[in-house]
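By letter and in written order, the chains are A, B, C, D and E; residue numbering begins at 1 in each of them.
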Amino acid sequence: MDVATIIGVVLGFIVITSAIVTGGGWHIFIHLPSMAITVGGMLCATLIHFSLPQFMGIFSIIKKTIVAKIPSQSELIQKMVNYSAINRRDGALALEQEIRNANDLFLGKGLQMLVDGQDATDIRELMSLEIQNLQDRHSRGKKILEFMGSAAPAFGMIGTLIGLIQMLRSLDSPESIGSGMAVALLTTFYGALTANLIFLPLAGKLGIYSKAETTAMEMIVEGICSIARGENPTVVREKLQAFVSASRREEVKATV
Amino acid sequence: MDVATIIGVVLGFIVITSAIVTGGGWHIFIHLPSMAITVGGMLCATLIHFSLPQFMGIFSIIKKTIVAKIPSQSELIQKMVNYSAINRRDGALALEQEIRNANDLFLGKGLQMLVDGQDATDIRELMSLEIQNLQDRHSRGKKILEFMGSAAPAFGMIGTLIGLIQMLRSLDSPESIGSGMAVALLTTFYGALTANLIFLPLAGKLGIYSKAETTAMEMIVEGICSIARGENPTVVREKLQAFVSASRREEVKATV
Amino acid sequence: MDVATIIGVVLGFIVITSAIVTGGGWHIFIHLPSMAITVGGMLCATLIHFSLPQFMGIFSIIKKTIVAKIPSQSELIQKMVNYSAINRRDGALALEQEIRNANDLFLGKGLQMLVDGQDATDIRELMSLEIQNLQDRHSRGKKILEFMGSAAPAFGMIGTLIGLIQMLRSLDSPESIGSGMAVALLTTFYGALTANLIFLPLAGKLGIYSKAETTAMEMIVEGICSIARGENPTVVREKLQAFVSASRREEVKATV
Amino acid sequence: MDVATIIGVVLGFIVITSAIVTGGGWHIFIHLPSMAITVGGMLCATLIHFSLPQFMGIFSIIKKTIVAKIPSQSELIQKMVNYSAINRRDGALALEQEIRNANDLFLGKGLQMLVDGQDATDIRELMSLEIQNLQDRHSRGKKILEFMGSAAPAFGMIGTLIGLIQMLRSLDSPESIGSGMAVALLTTFYGALTANLIFLPLAGKLGIYSKAETTAMEMIVEGICSIARGENPTVVREKLQAFVSASRREEVKATV
Amino acid sequence: MDVATIIGVVLGFIVITSAIVTGGGWHIFIHLPSMAITVGGMLCATLIHFSLPQFMGIFSIIKKTIVAKIPSQSELIQKMVNYSAINRRDGALALEQEIRNANDLFLGKGLQMLVDGQDATDIRELMSLEIQNLQDRHSRGKKILEFMGSAAPAFGMIGTLIGLIQMLRSLDSPESIGSGMAVALLTTFYGALTANLIFLPLAGKLGIYSKAETTAMEMIVEGICSIARGENPTVVREKLQAFVSASRREEVKATV
């Protein structure tokens, strides 16, 4: 559960809403036809850009930015050090029962390859391929949100152009200029707000999660390969702690 | 047949058109000289940028974004697993009759190399060269659409500048300012609309197709090379499933 | 002779000119001091950015985008297949008389190395170095045009700022505001037009030519190296056809 | 203690403040609701983009740009040359007592590996992994500041749009147009000022520090590996001086 | 002495100045407070971004873009061919007296390594490290100028915002609007002019010099390594001429 995303969105809307309400005339900021141009145009462009299944996956992508869990690096190091100790004490086959406790498909797959006795080079090749392809899928999700973040202001501007042209056409009634301009600017406002408060930051968060997940997977690969080469728990720990900021390194010892 | 592209374009025009019609005075939005500047200028710049055959290929590129078919990854895995089983049971020569059923030139070429007994390194080298060159050709198509997507707003702005200068010249007749400005802004509107609703999303879709096709080809290369090294169907399946999102992996078994 | 460049420039100027003429008052668009700021400023910035010989080379660069010739890929494949056949039938020395017919310095150099009996690795190393350095020189030409394409609108804006400041200074004579603004906007118009109709598309065309030339050179390297390894004409053809789009591949056979 | 950062910030605020004060009416530039939109919106977007611990780390990142210390390259070369002399005279074990004096965790780790007798390849692999991961962590800090530097002007523009729409709504009271516009522009001013005077330059400084630290670490790796291969002090000095600008190279001799 | 830089700067100022003078009222373009905001703000941001020694080095960087000398490629080829001839005729030791004539530290270092009898791989490794680090230092100088080129327009805009807000505050005196706007726009003008006529082109020139120097150094490395492998003058010439545009290649023969 990512509390930062939720706090950010809620606080952001409070900040913007209070600015609108204290300025008076909040009802002018709610204008359905302007929303239709900005949001509708953006969704149509997104639909053209991506495939139907990818477009349908937007909600699960957004959900991921809220519920995803960044794996703990020190727990991971602890696990790999333990596996290494088991491997050296009892042999690779003794790791078989750890597969069930792994509750992580990727880690389980790595352990299975250890148990199967595959060598470090093969393990690294297969697992790196999987990381590579996960990164590809992640970066596509990020690209969808980024595209929405660039399409929203674009259609906001298109809406403002439509409004301006309609207003200028009837410039002979000067009293309507102000409200015409105000409505015309609304689409730009919607576009800028959704892009900068929703789509672009969410795309960023997706990148943060992708990076954290990928780092955890690289730590697993590094650890599994180290174990496959029969290296001792101290070396495994040293290698994995290189991934962790010096200030956050914790003393880790094999607990099995 | 890419239904997302068609829905997006049709819906997008409905959204924009209804915004124009409900605002009144839709006829002001249709102005042939303005269209001539924006579209004509953009086409001329595209013609200067690219070669004549590339320019002529725009329509086939656009057609590709509508009719192209994303290959099914699970079908592909199924095929490669079967080839692997046939190869281990009956030898590479038994794959010869599969070439006819392949209905994919690239896959057929790979199978032919298996039958010819070429080794994995040679197969990978030759097939990777082909993927590389396909990507080059794809990215050129994408670049044409992206250039059109950047040239359209540029010539829209040039048209608006021409309109503004002409209007400002005759500023002594204030009653014509509004309509002059409205007409001047039309080219910017045309440029922004065609770029953001047509060219840029279509360029994106082309990239999506290119990526999907390339991934399928990389899966074929990975599979063919794995078969060439005589690996068993389980290993082939493992390797290819690394390309597929964990949530969409299906159980695949050799069916031959 | 690149007909696309010429058609594009001529048509582009017709489109813009007719828009100006039909709008009335075409003479206001010709204003020498404004041209001096935009073009002069841009040329000065280009002179500061690049060295004197590079600056002097602008015309030969522009000429190249008009007269350069994209080499035919199928002719090239035909040639390499023939060389391969000659090499296998009569030995490398028999290629000596082909050097004179090569009418391409790079191809001639490759053939000479074949005749001299250098091995594939040396040939690839030396020829790749030459391709690399050609790309460097090409990309510098492209950068000059791209810089001019970014400097022209910048000096257009600087000119408009000068005009605006001068006009605002004398705002007490309102009848001159319109014409002052019109003149001020002219430099922006010149900058946008030259950048988007001339410099940026020409930079693009230079890139297209560079890519086509480089691909042809890579095909020559691939072919010469294949011949140096004594591979048969069929393999040479297969390797080179990977560079060609599947739909444009032609049946090629050794004709010697 | 980075005096440049402090001088820059203080001088920058003096320059801007004096421009505001000399222009008269400085109090109009202090407007809490406008600050709330710009700074609040930016912080919310940053909170959505990054994770809570990363967001909380902003202050320690900013602190780092002020107090970080760029390591002296000539001191480092002197140290490595001495280690090399000790290593050749007394053997690697004699370096053990230097570990305590190292006052740099990374250097200490390298010396420890020398003492442990690990070979150059292993040392380079492990230490490079650590550099790589440090760069990743550094670049994340830089990205936070860069994101704040792009979000601040965006929310400045959103605030200005809100102000403009509110002002245009009540255009019938022309006397309030000026002050309404002035207040609307304040958020854009806050956004542009904080981005260009604080966030973007600080992100740059972080990059400078990251580069300097990384270079020092690469010099340590290069030196330690050179010592591990038993190379003499002259070679070690030659290799490390390649990192230093020719004009700043100092004569270094082993002092032990 | 780079005459292009000087001509460009002088001509550029003449073009801009004459546009200002012919437009009348040149004195309005000289406004010290506006210069203070634009230049002062930019320098403060640069000071925050870079370290104090780097900031102090701006003048020597700018000087470098004026006095630097692009090395002659054909002279360099001539030298390397001669060294190669000497090496084959009299042995590497005979090159010792050439070191004194080298008047280029990098070339001298390469010759010294030849005399010392180091092999090609070691020479390439050490000299490539030096090129790499020189490029790093060059690109930092380029980044300082590029940052100044982006900060100048940003502080120009900040100055204009300050001016606009101050002017709008006192909108009730309409006669001062024009001059207020004119002064407000001055900072934008200063920022755009210094960025586009000075900082960005100088950054580009620095890149051109860096590229030319690096190419010369790569030619030296290529030549020295070729000589170290005992290759004959013809091969050395062939390899080095790959760096030179075909149209500018001159016939080179060993002159010793």
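Side notes on the structure shown:
Quick note on the criterion: a contact is a pair of C-beta atoms (placed from the backbone, for glycine too) under 8 Å apart; a residue touches a chain by one contact, two chains touch by 3 or more.
Note that the structure is predicted; figures quoted are calculated from it, not measured.
For the pair chain C and chain E, there is no chain touching both partners. Each chain gets one centre point, the mean of its Cα atoms, and the points for chain B and chain C are 25 Å apart.
Here the CA centre of chain B is 40 Å from the CA centre of chain E.
Multi-chain contact residues of chain A (touching two or more other chains) are absent.
Starting at chain B and proceeding toward chain C, the closed ring of contacting chains reads B, C, E, D, A. Here chain C touches chain B in the complex through residues 2-5, 7-9, 11-12, 15-16, 18-20, 22-25, 28-29, 70, 175, 177-179, 181-182, 185-186, 188-189, 192-193, 195-198, 200-202, 204-205, 208, 211-212, 215, 238-239, 242-246, going by the rule given at the top.
Within the complex formed with chain B, the chain A residues making contact are 33, 36-37, 40-41, 44-52, 54-55, 105, 126, 129-130, 133, 136-137, 140, 147, 151, 154-155, 157-159, 161-166, 168-172.
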